[in-house]
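Before anything else, here's the structure in question.
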Amino acid sequence: MLNKEEISEIIRTLVPEAVFPEGTQLLEVIVPAEKIFPIAEQLKTDSRLAFDYLISQTAVDFVSKFTVVCHLDSTQFRHLIVLKAELVDRENPAIDSLTALYPTAEFFEREIFDLFGIRFNNHPNLKRLFLEDNYGYPLRKDFRDEVNIIER
Amino acid sequence: MMSEEIIKDVIVGENEDYIINMGPQHPSTHGVLRLEVCLKGETVKYLIPHIGYIHRGIEKMCEAITYPQIIHLTDRMDYLSAHINNEAVCMVVEDAMQIEVPERVKYIRTILDELNRIASHQLWWCAFGMDLGALTSFFYGLRDREYILDIFEESFGSRLLHSFVAPGGLMHDVHPNFQKRTKEFIKYFKTKLPEYDQLLTGNIIFQNRAKGIGLMSRETAIGYGVTGPSGRGSNLACDVRKIAPYGAYDKVQFNEILETGCDVFARYQVRMAEMWESMSIIEQLIDNIPEGEFTAKMKPIIKLPAGEYYRRVETARGELSVYVVSDGNKSPYRMKFRTPNFSNLFVMNEIASGYKIADLIAISGSLDLVIPDIDR
Amino acid sequence: MGIIKSMKDEDFKDSESLELLKTSGHNFFLTTIDDLLNWGRSNSVWPLTFATSCCGIEMMAAGASRHDFARFGIEVYRASPRQADVIVVAGTIVHKMVPILKRLYDQMPDPKYVIAMGACAVSGGPFFYNSYSVVRGVDHVIPVDVYIPGCPPRPEALLYGVMQLQRKIKGESFTNPADQTDRIL
């Protein structure tokens, strides 16, 4: 099991454009959104890192941007990192899908599409998961539903 | 034969699939799950799960309420491991505020976790037997589960959803009889668990229905994120209690049960053995609960410092992790629950294709799904 | 009448709605045929298996050996709505589930009854505020006969609710069957 500094060194050599924020609980890696698929592939196939288990994939709506957050773990070494990509476009946010690497990403991405409206390129079946087709995107910060939500 | 060709052309046709619908109201799906099953005769070609029939919007609700109020909602997510869900949220809050809980709290939380795990596996066993047609297991499992619910009711006042584990410690101290009644229950249940083996495990009909069905390889389990007893039945060592210990788990000795069978019977055996291990953990802890406070000193309004926090626990069904983004207010900015049943459900298409419809029921029973956990 | 031993009227302390029905002229003049039919109907209400979330576990526990509800005649769970008498709505109802619940209710043959079990089915429960997809109470969808509060209600509370339903059924009349206005919405 490698510690945070060793992992960040290896990732720096593999991916020169990664940014590592300071002072976080887990090691976070911010990468450009267009390159997320090749970078994730490198992280999975590298034998010292071996991140083969996608724990969860979600999105956060900071009002100026969306951030897609993936928690990756290795079943061999049991070290954990957080891979993030930022999307600035609020009208049609789109990013590559990780389904070819991790089969479970198919369903996490459907959930993100359902609740946030972020589209995923090369996704095998991008349909809504929980809600009906003409509903809005509830987890966005500017979502208002006067009929159904009783605020308190 | 001539009539076979006619039937094939007229009724089924070349490219048409015969699709039937199981659910959302179905006695064996254990909740509101709709399975669209494509059949060829009695063999399943593929299946598509449809969810969302119990989607209550818990993650959006968490952004409008305070941290001590969130534990009342996480109770209702996976209601059979209610304590363990609450413990995940409480540990995130305690990590962020850098509060150290007293030792007494850690011991009691771990004992309650393991009691909850036994109760959840008892309910799984009775529902699994009932699905396969062995109605007696329903009565055996629920009869023994009532003793655990009696212990809970004496200390917390409610049988199923307690909201007892709060940020900082516990809501109040346990009843003075807690230790005695837990020890009596362990002594009682040790005589009853062999009865479960007599009823189902050695039964030749059950073994024929369970062995060789629903094979899930280790790579499939990792790729689909299957954790918990379903993953350990495929030789995947994924117990969070061993990877990242919390509570009092670093003070006890217990084995992680791994089976190499990869089928329904292997997953069944993992859960039966886990009940024995849970009893052994409780026995190691129940006599040594240290005296002390039942909660650490907390401010009346809990505000997490700005930042992101993450914590994982092992529920009765797999790995639950909580991811909180906070901006310094008394409600979280974003709270994400990675629930084990969400990942466990979607492996069903891989492992149920090619088997018969009756095997589909056995497979979904062995995955032990709780549907409100999937939809949140 | 004394065909079976049942609880005395005074023991049902909070049944003001039934007292209201009595004073407002609900037909309590029972002939022998009415008696026989109501005795048969009330002591063998067969429920439909319909449990969405946590209250379903307490319903299962009420059917197990400690609080046995087979003593009240509701032991046989029917999986098909066409063979069921009562639907016990146990759990939260969300917007996606509403057409299915309505279809199940329509498929049940008359006389049919509805028990709303748990705070979520009565009024939305803990999900009343701030949720975007929960129906606040199942009586927005189907008419309810008995409400059982609690989160989740104890199995004994479910048994009390079933006994209330039995009393309500005993008050019906064959010559003047219970029409929809008798159900308090």
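First chain written, first letter: the chains are A, B and C, and each begins at residue 1.
We adopt the following convention: a residue touches a chain if its C-beta (ideal position, glycine included) is under 8 Å from a C-beta of that chain, and two chains touch if they have at least 3 such contacts.
What you see is a predicted model; the values in this text were computed from it and never measured.
Of all chains shown, B has the CA centroid lying nearest to the centroid of every protein CA atom. If you compare A-B with A-C, the chain pair joined by more contacting C-beta pairs is A-B.
Here the CA centre of subunit B is 31 Å from the CA centre of subunit C.
Rounded to whole angstrom, the centroid-to-centroid distance between subunit A and subunit B, based on C-alpha atoms, equals 25 Å. Once the centre of each chain is set as its mean CA position, subunit A and subunit C turn out to be 47 Å apart.
Chain contacts: subunit A has residues 130-131, 138, 151-152 touching two or more partner chains. Across the assembly, subunit C contributes residues 96, 129-133 that each touch 2 or more other chains.
Each of the following residues of subunit B touches two or more other chains: 52, 55, 57, 60, 64. Those residues of subunit C that touch subunit B in the shared complex are 48-54, 56-58, 60-61, 64-66, 77, 79, 91-92, 94, 96-97, 100, 104, 126-127, 129-134, 151-152, 154. Every residue of subunit A that touches subunit B in the complex is listed here, in rising order: 23-26, 28, 52-56, 58, 60-61, 69, 71, 75, 78, 82, 102-104, 106-107, 115, 129-131, 138-139, 151-152. By the touch rule above, subunit A contacts subunit C in their complex via residues 130-132, 138, 145, 148-152.
Within the complex formed with subunit A, the subunit C residues making contact are 95-96, 128-133, 136.
On the side of subunit B, the complex with subunit A involves touching residues 51-52, 55, 57, 59-60, 64, 95, 222-225, 236-238, 243, 307-310, 312, 319, 321, 323, 325, 333-334, 336, 338, 342-343, 346, 375.
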